[in-house]
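You will see two complexes here that share chain A, one where it goes with chain B and one where it goes with chain C.
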Partner chain A sequence: MDWGDILFDGVLAALGPAGAAYALSAMGLNLQFGYTGLLNFGHVAFMMAGAYGTAITVDAGGSLWLGVIVGIASGALLGMLLGIPTLRLRADYLAIVTISIGEIMRLFARSGFAEPLTGGVFGIQAFAGEFFDLNPFAPGARYGWGEFVFQGRALFVSLVGWALVGLGVIVTWKLIRSPWGRVVRAVREDEDAVRSLGKNVFFYKLQALMLGGAFGALAGLLLAIEQQNVTPNSFEPRVTFFLYVVVIVGGAGTVIGPVIGSLIFQFLFFFFDSFMGSAQEQGWFDWAGFDATDAAQVKLVLVGAGLMALMAFRPQGIFGSKEEMLVGDT
Partner chain B sequence: MIATLALIAFPAASQAEGETIKGTLEKIDGDVREPVAGVTITVELDGEFIASAESNDEGDWEIPVPGAGTYLVRLEVDTLPDGVALTDPDRFELPALSVRENQNKTARFNLGAGLSGGTGSTFNRLVELLVIGLKLGAIIAMASIGLSLIFGVTGLVNFAHGEMVTMGAVIAYFFHLSPLGPGWPLLVAAVPAILLVAVFGWVNEAGLWRPLRRRRVGLIAMLVISIGLSFAVRNVINIMFGGEPKTYGDFAVQQPVEVLGIQTVPKNMFIIVFTVIVLVGVGLFLQRTKMGTAMRAVADNRDLAESSGIDVERVILVTWVVGAGLAGLGGVLQGASETVQWDMGFKLLLLIFAAVVLGGLGTAYGAMVGAFIVGVTVEMSTFWIDANVKNAVALGVLVIMLLVRPQGLLGTRERIG
Partner chain C sequence: MATRESPLASVAPEPGVAKPDPILVVEHIRRAFGGLQAVDVGRLEIQRNTITSLIGPNGAGKTTLFNLLTGFDRADDGIWHLNGGPLVGIPAYRVARKGVVRTFQLTRSLARLTVVENVLLAATNQHGESLLGGLFSPWRRTEKANAEKAEELLDRFGLMHMRDEFAGSLSGGQRKLLELARAMMVRPELIMLDEPMAGVNPALTQTLLHHITALRDSGKTVIFIEHDMDVVQEISDWVIVLAQGRLIAEGPPSHIAANDDVIDAYLGRHHGEVP
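On to the complex of A and B.
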């Protein structure tokens, strides 16, 4: 077993495009769940809206940059559509509707009658040429030291992704220190108190849901651009669970939490993935009859169990504080 | 190494090019062969729609598929022209056609002369869909009573409820067909399945939720924990049971029978009748027994129930056991009606939620009514819309209900907050 390789698999995953996209998406979820207390169990739907919004726009003849705008707007619009029927009600109704919409959107995208628009199960490919035209690095060349190398293409996407993450951190920080930020945090703590001060709680929640949705859409379209490919099966419900783990590990309701959470999650996930792969090859699991797929799935079980344990024993995550955490009854 | 980075978000990106499933439809009548045009063929993977195609004037059809794998290929019987029918009416679908990489696999359907290709008049077709809808409603009802009652007595929306449905189906499969199991008939295997899921419900409450309530973990944190539990259990089932859908040996293939001009398989009738009996039993339990009355009292007002001497913790435990057992039964019925699959309960969860919200969260009778409305609406909608997005109808029903009457048909206002 080569521990160096296993370790580098984790590090490269954390710093790569997926790490940046998860950090961005988790920032959106953090605005909704961490700061405003909205239980969005279908964040993957916002990522899907962003990815498909972009790909379909380019497919229909628009430029990629128009597509990016359409993608982000689709995320915000989806937030509005989901929020209007649910945000006046108890928190669990939003959870029920969002977990449903993620699956429904996936089924729609892959259905026969949406195929002219979405490309069905095969999805849409090769729509991000304009982005890669700007790539200053040689696409096939390798950059880095020793084992720690990125290909030029991945390096470019990672740099853009982490720049967006940095921008997102600044935007979140400014927002949360603004009067708007104080109101949404107050909504999380005690809706009735905010209402008694004459604030329209519903609109603040809706704004937080839409803004978080826009972040999610941006992350989704970043992943889509990186792959030059959107297919419905990239947007399985488990992505939302991963994002919850990311937000909670880092600390819900903190500015930097989603970024730290994404780095830790991606590192552990791929470190463990690589470790289980090697262990299975060396026959460590022969007694249980595990094949490679089974060994890979063990990490998903651990993600679920990890989310439960975190929520039960350290809901504030690594950097959060209990005061900034939704612990009270709703 | 770089390639593995993308796998987490885009697992389907590495699909190979070029796999197709194809075939030629010919009506063979003695020595006369003639091509059959305009018949729809559908391909599914793991119970999800992939693509469909129509046969052309030569009777040829071809469907590209996303990669190597085991596909289900179905001939849509209603699209057969008059005078053409399957020589064996049961062979309208090939449940496990395996396609290798870059293979152009041929799927055969044998057609011969028949009186009528379709299944009769529009009215008859609608009534048939109604029966299928009632059957689906029956299965949803089994699963949603527990979810609704558990919400009623604890305030928790248990997102891991679908996994108890899956467990029922999978455990029954173990006792019924697994090489390691005893190989009992399905009707016998269902008994330990339901009991074991009920025990799982007991373990859930006693080992997880009660300690969490004692530690004063908030409801929102508990919702997230139930999501984590759902994810963990679902993947454990996936590892142990495998990703392929499987069918039970008993009742898997049934010849449709004609009742009052409507064609249906006997198992649908059995599921509907059996469920109605169980529902009446649940109703009697809630109305007539001390425990049932206590359950409704706790769901209605926990503090008042506690102060009038009801042992609330015991009531919650019984609710979990009963709710889990019913969910397990729902799983066995769903498995017998369609296939057993590791994520079948999660897929059903959307319909369960729609049913429970429609009827009113926290009410057992509301869940029953909601389940049948959702089941019938979803199945009957396929008369007009693409069957692959029928579950979207349930979401539509859910959203309209939330806009118009968020407390549900039988719910009370104060619950919605």
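On to the complex of A and C.
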């Protein structure tokens, strides 16, 4: 077993396009859940809005850049549509509506009658040519040192992705330190108190939901562009819960937490994936009769155990403050 | 007992009586919860620049009346005016912007904000509170001026040493003080306090009473819900009594203490239970 390979598989995945996309998406969820206290259990729906918004626009003859704008706007718009009827109600209603909308959208996209629009179960492919035309690296060439290698194509997407993450961090940081951020954090603590001080709580929650939705949409369309492919099956409900793990592991309600959470999550995921894969190949599990599929299942158990250990030692997340967490319970 | 000349000295102590200079006028306000008529008040006027106590047995509709007047609940029927302008059907946050700030029976400190952030939040002039303003407007200048004002308030309410602590780490009494300081930051005309003295030790009660009197003396109008008759007697200019949603009596505190209706509805029936 080559531990170097296994380690680099984890690191490369964390730094790759998926790591950046998860960080972006988790930043949106963090704005909603970590800072504003909104229980959005369907964040995958915003990613889906972004991915399909882009792909459908290009499919209909628009340019990719128009598609990107449409994709981001779709995320914000979805936030508005979900928020207007639910944000005046108790927090649980948003949770119920968001968890349903994710599934509704996924099932709609894969249904037969939506096929002319969404491509059905096969989705839409090859819509991001304009993006890769800008790739300054040779697509098939290998860049890096030793085991630490990106292909030119993945390197380009990663760089763009992490640049967007950097931009997202700056925007979040500026916003949260501003008076806007103070109101939003106050809403998380006690809506009625904030109302009694003359703030339009509903409007702030709507803004947070829409802004978080736009981040999610950007992440979704980044993944779609990277794969040149959108299919309904990439948007299963578990994506939302992965994102919650990312936010909570990194530290909910911290600016940098979702980024670090995404790196840790992707690393653990692909480290154990690679580890279990080579362990199975080398016959470590022959005594138990494991095949490759079984090994992949055990990988998830290990990822889960790793995350549980992190939570046991740092319940506030990597960047969260313990004092802040304890004070919130009183 | 308030020592100053009361503007209400010549007002007859009758339910619904007109006041010389009312800040708040309520007509026929009603709210039912299912079959229970929680509030049914015919006419009520609150004199400007006074301390008015709202008393009544548990379930009399005091908090419900507060909720209705501040937009936290919708009345089934009724009209009420602040300074002659209608206040019906206006959402809570806009009622606050019109100068009516209320506090809550259970203190609502914003636990994971610091003490000074709690107060700064209540400022009404901060353009950085809009999404684009937060990103692009020069909000720091306003913030600096507000911080001075906030620190002045914290100083006045004896919380300056806790300035940068999380509000969640304050004691119960300190939270009451913080809530009061926060309400003041809104620069309200009318302050509605829902049992500000509940669960507070006697020494702090005196401090709170002192602050409430100071608010009145600085030109504000205060309405507060209270159960302790000694406190009511001590600082009220006027007392209004609710029982089963209705206004059964109002008048100066000395009058209320001797009112048979009030003793029947409130003190009499619950005598021995009221501390």
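Criterion: the second predicted complex is superposed on the first by the 297 of 330 C-alpha atoms of A that agree within 3 Å, B and C clash if a C-alpha of one lies under 4 Å from a C-alpha of the other, contacts with A are read in each partner's own complex, and residues count from 1 in each chain.
Just so we're on the same page, a residue touches a chain if its C-beta (ideal position, glycine included) is under 8 Å from a C-beta of that chain, and two chains touch if they have at least 3 such contacts.
None of these values were measured; they are calculated from a predicted model.
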(message) On the A-aligned overlay, A:D192 touches which partner chain: chain B = first, chain C = second, or both, or neither?
(response) second
(request) Determine, under the contact definition given at the top, whether A:G112 touches first (chain B), second (chain C), both, or neither. (result) first
(message) Let me test your reading of the model: by the given contact rule, A:D2 touches which partner, first (chain B), second (chain C), both or neither?
(response) neither
(message) Looking at A:V298, would you say it contacts chain B, chain C, both, or neither? Reply first, second, both or neither.
(response) first
(request) Decide which partner touches more residues of chain A, taking chain B and chain C as the two options. (result) B
(request) Mind working out whether A:Y244 is in touch with chain B, chain C, both or neither, as first, second, both or neither? (result) first
(request) Based on the superposed arrangement, let me know which partner A:I99 touches: chain B (first), chain C (second), both, or neither? (result) first
(request) Identify the partner contact of A:E281: answer first if only chain B is touched, second if only chain C is, both if each is, neither if none is. (result) neither
(message) Quick check on my understanding: which residues of chain A belong to both its chain B contact set and its chain C contact set?
(response) 327-330
(request) Quick one: which bits of chain C touch chain A in the complex? Just the residue numbers, please. (result) 70, 72, 91-94, 96-97, 101-104, 108-113, 117-118, 120-122, 124, 126, 128-131, 133-135, 139, 143, 166, 168-169, 182-183, 185-186
(message) Can you tell me which positions in chain A touch chain B when the two form their complex?
(response) 5, 8-9, 12-13, 16-18, 21, 37, 39, 41, 84-86, 88-93, 95-97, 99-101, 103-104, 107-108, 110-113, 115, 120-123, 150-151, 154, 223, 226-227, 229, 231, 233-234, 237-239, 241-242, 244, 248, 266, 269-270, 273-274, 290, 293-294, 297-298, 300-308, 311-312, 315, 326-330
(message) Quick check: in the complex, which residue numbers of chain A touch chain C?
(response) 171, 174-175, 178-183, 185-186, 188-190, 192-201, 207, 211, 253, 323-324, 327-330
(message) Going by the contact rule set out above, which residues of chain B touch chain A in the complex?
(response) 1-2, 4-6, 8-13, 48-52, 64, 66, 157, 159, 212, 215, 217-221, 223-225, 227-236, 238-239, 243, 346-347, 349-350, 353-354, 357, 361, 386, 388-389, 391-392, 394-395, 398-399, 402-403, 406, 415-417
